[in-house]
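Going by the order they are written in, the chains are A, B, C and D; count residues from 1 in each one.
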Amino acid sequence: MMIARIFRQIWNTATALTLAALVCAVVLVLAIGAAALLGYPPLRVADLWLHGAAGSWYSLSSSCADACPLLLTGLAAGVAFRAGVLNIGAQGQFLMGALVAVALSTRMMIFHQPALVIATALTGGALAGGIWGLIAQYLERYRAVPVVLSTILLNFVALYLVAAALQGPLQAVGTAAAQSPEIAGKYWLPLFVPYTDFHIGIILAFMLSVLLWVVQERTVFGFESHVVGLNPDTAKAMKMPVAWRQFQIMFISGGCAGLGGAIQVLGQVHFMTAHMGDYGYAGIAVALLGRLNPLGIILSAVFFGFLDTGAFRVEESSLALPHDLADVIKAVVILVMLVLAGISLRRSRRAAKSERTTSAETPSA
Amino acid sequence: MNTAPNMITFLSRQTVTAATPMILAGVGELVGELSGVINIGIEGSMLMGCIAAYTVTGVTGHGTAGLLAAMVTGMVMAVIFAAATVWGRADQIVAGTAMDLLGVGLSGMIWMMYQNWRENLGFSTALPHGSGFSPLAIPLLRDIPFVGPAFFEQYLLCYLTICLCVGVWWMLNHTRLGLIIQALGDAPEACHAAGVRVRLGRSMCLLFAGTCAGAAGAYLSIMQTHAFAADMTGGEGFVVLALVIFGRWKLPGLVGGCLFFGLINSLQQTLQTARYTSQNSVLHALTHVPFQFFQMLPYLAAIAALAVMSRNSPGPRYINIPWPSAKT
Amino acid sequence: RAAAVKGQLRIALICSGSVTDGGWNQEGKNAILAVKKKLHAHVSILEHISPVRAVDVMRSYAMRGYNLIIGHGYEFLIPATEVAAMGGKTRFAVSGADTTKPGVLTLNFDLAQPSYQLGILAAMLSKTGKIGFIGGEAIPSVVACYRGFAAGARSVNPKIKVAEAYTSWDQPALSKSQAQAFIQQGIDVIYQNVDAASRGVFEAVAQANQSHGAPVYVFGSNSDQNNNPTCSRYTPASAVIRLDRAFLRVARAVQQGTFKPGVATENLRNHVCIVVLNPRLVGSVITPAMQKAIARAGRELLSGKVHVKP
Amino acid sequence: MATLPPALRLSEIQKSFNGVPALDGVSLEVAAGSVHGILGENGAGKTTLMNIIAGLLRPDSGSMEIMGNAAPVGSVRESRAFGIGMVHQHFKLADNQSVLDNIVLAVSKSLWSRRGRGVLQNIDYWCRELNWTLELQKPVRELGVGQQQRVEIIKALCGGGKILILDEPTAALTPAEVDELSSAVAGLANAGMTVLFISHKLQEVTRMCRVISILRRGKLVYSGGVAGLSMQQIAEKMVGAKVDVPRLVQPLGHAESRVLLELQSVDYRIGKREPPLLSQINLRVHAGEILGIAGVDGNGQSELAAVISGTVDPVAGRIMRSGAARADAPANSACIPEDRHKEALVPALPIVSNLLLRKYRHRPYVRWGFCRFGKWRTSAAALMRQYDIRSRGIDDAVCTLSGGNQQKVVLARELSDAPEWILAVNPTRGLDVGATAFVLRQLLDARARGAGIILIHGDLDELLSVSDRVAVMRGGKLLATPWPQFTRELIGRMMLAGA
């Protein structure tokens, strides 16, 4: 029985993967078409794109390093959405996390032992993101300001706050730029494959998503937060601590995004400006594409990371594909993939269902 | 020159000018969301509207042609979005992100190609003289003190937007079409049972929204300024999304929110200036405040306003749920 | 296509924004294309690179044997330092930064000097005693503009009021409304450094001049914006960075093996950062007295008699 | 007289969902001008069949003829053009819109006009005919289920047409309202309209219809006259087995056993200025008795249930639960709420999760914060067997179950842990005969075990058949009935007096 279930799951995953591969093929053809229209040799574009995204250890590491912040902001959105907390504020939480991490690893260092500095900076970043998120949850609980809205607005507030801090207390010495000091090399996140971008932040992010998957799928906390998200009235009737769970979830969600910011500065960028990319907004799409499942979010984050990294490789190649055209191709790829994935998912689900009905025994008919 | 009435007139005029594109795009987005489809890619549609209006005006020399082109472009973007979400059941948020990217990329591409083309021909990329729109004063009304210069010396599209708002408000509240649109997002099964074609209805709403977003883009590029710049919408599309929620999915609320936002922004800009130019010592003390705090003022004000009003509204229930749905 | 010719100089330019922005980035692109023409170099340009991505793309260029990588913007300084530290033959230059880092040549465009001259002009042009500056963002080359501008104006009229505001690089509508707020407050000379959004400022000035009695003037920056199509009659001068000269010098140094990391301050002295007056306004709007004052300020700046903190 | 073509002829209608047949070759003829009853268990396929007729669903195969003309299937517009109107079992109402707007939305043809005078007159006509009052401007979400049911019916009647489908229209109506509806339906039939009538209450069907059709598991098992069939026979045809309707044999005397729940002068209102929704409620439930509470829908029953279950706090008065004034209901109480989708189930989650919602956090279902799904599954499987929940497996989402089975999920969860006292609100609404019997039997079993039960129920017959004592809610007040001489007539009078 158990084995059969596992087998069926694997089987379903396999069909899903086959379908995904098919989808990728179709997408590729389409992307190629778009490029061809403007006179770029389509096959070369596709080849460079794929190669640039995953052709070598090195490019693989770039893709993963780019997927890492996306993964964490994706987790932030996914965890929250699953519990019905519409946190659109990963961008602001990401920035606050990065800011605090930079502060803790440059100006306000409590320790000087590298491991301790890294640990405090990561923790501080996560806490900052979480607390920034809690503001929104507080506003919803006590002032009836919808979280969807306050988080959007707080993103802008965070952006300007960060800019002000980078031009004020956190500004690097000797420059007029809104820019933090550089983090000293010994406080960078160590690499686990030298001469690549594989820093341990990536491992951390992957481990965190597995951990969150376990929490969501296996613990009472995860179960309760899912029920709270699906039907808060029932949750209340079942005496679940609805508001408390929402606060906790918001804290975890904001914490993920904040940790993303911290890892980004400690592992990848090593200093901070107000332009830290829009990983927070992209995380929403990542989460939804991953169907709010932490493992699915890994896949979709890596997908987006590949898409981005590949694009840069095509742009800087001798083809000199314009950045804007690369954007267009990315958009088309995402759109087509969405529709095709929707179709194939419904197919496989239907197939799984009918297969289940034929095999399962109906109790006492 | 620096008298109070002057200042009030100036601020209200700036407010209306700045709010118009947000209201325009917001009305479309509102109708779309009421019908159950959230399009977070309006920014992309607006940008496409900007570039279409700019290039067509630049080539033909007629602003009206540019405006029409922008509307058609917005509609085309809406067709793509509707095909993906309404008919292809794609997740609306992810698809919206892609639409945003598409708009940014395509408009940038077109701008680059347009520039190259014009320069190769030896033309300027600027709009031919007099081809964009300039403010259109309404003869008698403009002479009303304060109100006149503020509200009746605006661009053509501003007046059209006012008409559109009144029309859409009337449509939503006084016609069966309005009932249908709201039911599409709140109870599509009721529409289905009444013989209304849900997906067709939603597509129509999206087309309307796209047209509005395109026109808002045209406003930015050939009316308010006569310029195009890559990403010239600068996040306005996202602010519009927030303002639709801010207005609790009601048209007056949305318009109020846009005006409020426009007002705080022009106030903020004036304040930033006045702290250097005015004699007032309080204002002068503000010179030590980092300018970023002025920039975040509109957002803080919006949060504060919400916290004071303290009312939540869930919005249309079927947003981002494709039809036919499995929801109970 | 562009198969690498052996011994050909290979240069990469990395821009933070769009190369169609009509300002900083577009000038960078034009400059590097000029270098390409002069030195028959191979050139690759990347746009929309955030500091987050900079290390990745620079390293990728370095690995493919590019001789020179120019990070066009202060935010590329630290990434360039990082990649330079990895070794290799690639040379790194960063334009628009104001500090130095090991292994990287910083091109510090001291716009403060021409801005000082513009400040003098502004103070002499202003009837109201109020002038203003609009920047896209508070980055070194922009802040330098403001500082020089204010210092120059105060050297003429110590009581002059100099307003300062920042909007964004790519929103003409926003910079237009900021300029209108300036004008409404009585400011009649505006100095802007907002790249693609400058069209908005020009619009505001043009509109103000249509309705106003007293004229409102605007200064351009980075490139020569004196003959902008919107209000060239009210644009008496621009502070110009002649990027092509700077880039050419760096590229030559790389080619000849004389490249040295450090800081190269580009200013009036080497004719990279200069004031360009609008020839159509010289003699009318710009009086001989003004011209003289500008020239004197130039001499004082060169002799070190006047020093503007960048 | 030439034989008229049948109003409706269905031939070989086949429909399956995800490969499971819901309708298996149904052929049916409905004579013009008749009231035709459709009967069947929960999940037999009645609603599916009706939806196909009304065009909401497209059958896999089969054809339809209306008045002898072939009618296209699968389009609501076409079906409406052929004069088919329907009252939906699951109300197709837009919650946030007013009653009038809902009717206009469904009935009117113009895109623009919203205040069609014709519509208003039509509503007025039918309200007078049925002796109902509708608050036209009120948003539907503020209406009780009974009121919503009326809106749904009026909506269909206003649509006009020649064939009217009523899918469980009486599930949420009081007996008096049912009488009015049935006379109105008879009037319609006399005027030439054809009515298809679905109900789980056999008395209603036999009273109103001459002809009935019975579906069992997607197949038509009987179609013909109702005369000569006893209720028991009909029930057997539906279920395929004999059905015993449980009834309380020996009502308890004056309760002397322990008081489990006591309300003392409880008041409840929403705003300070609003009229009270509950006033001066005094009530006692003893161990081993069923206290029935009757009343016309909307007289405070929902508020009473909310106060008892602890979801809202009363404005004044005391609630003693198990003898103590505790803030919330203790674990050994059970609640079967009125709206199971809203308050008792998480429809998107599988059956096993829904069955464990009360005890998932207690031993042995949890260890160190981790769910022990193995234990969950054995417990759920046992409950499914015990309560005869029919589905393909415990991993099916609850929303894919039929209403009867969903109700059984709630019952199984709430009753399985031998609760001390039970609050049940309309527990059999919409359930078929078999399931109704099952639910009532469960309540009686709990009573026999010594539990105290408050049964708030709209179906007076069922209420009377199982209650020890009955009280009546009217206008937010609880009226005690003289024990033990309560009769149907007396209670009916009390429910309506002064109204």
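A few comments on the model shown:
Methods note: a contact is a pair of C-beta atoms (placed from the backbone, for glycine too) under 8 Å apart; a residue touches a chain by one contact, two chains touch by 3 or more.
Quantities reported herein were computed from a predicted structural model and do not represent experimental measurements.
In terms of C-beta pairs in contact, the better-connected of the chain pairs A-B and A-C is A-B.
Between the CA-based centres of chain A and chain B the separation comes to 29 Å, rounded to the whole angstrom. Distance between chain centres (mean CA atoms), chain A to chain C: 37 Å.
For the pair chain B and chain D, the distance between C-alpha centroids works out to 47 Å.
As a whole-number value, the distance joining the C-alpha centres of chain A and chain D reads 45 Å. Within chain A, contacts with two or more other chains are made by residues 163, 167, 322-323. Chain B has residues 108, 112, 230, 295 in contact with two or more other chains. Counting partner chains per residue, chain D has residues 347 touching two or more of them. Working note: touching chain pairs come out as A-B, A-C, A-D, B-C, B-D. Across the complex, chain B is touched by residues 17-18, 20-22, 130, 132, 138, 161-166, 168, 170-174, 176-178, 180-182, 184-187, 196-197, 199-200, 203, 228-230 of chain C. Here chain B touches chain D in the complex through residues 174-180, 182-183, 186-187, 189-195, 326, 328, going by the rule given at the top.
Those residues of chain B lying in contact with chain A across their complex are 80, 84, 88-91, 93-95, 97-99, 101-102, 104-109, 112, 230, 235, 238, 241-242, 245-246, 290, 292-293, 295-296, 299-300, 302-303, 306-307, 310-313.
The touching residues of chain A, when paired with chain D in their complex, are 218-221, 223-224, 226-227, 230-231, 233-234, 236-239, 350, 353-354, 356-358, 360, 362-365. Residue ranges on chain A touching chain B, taken from their complex, read 38, 139-140, 143-146, 148-150, 152-154, 156-157, 159-161, 163-164, 167-168, 281-282, 284-285, 288-289, 322-332, 334-335, 338-339, 342-343, 346.
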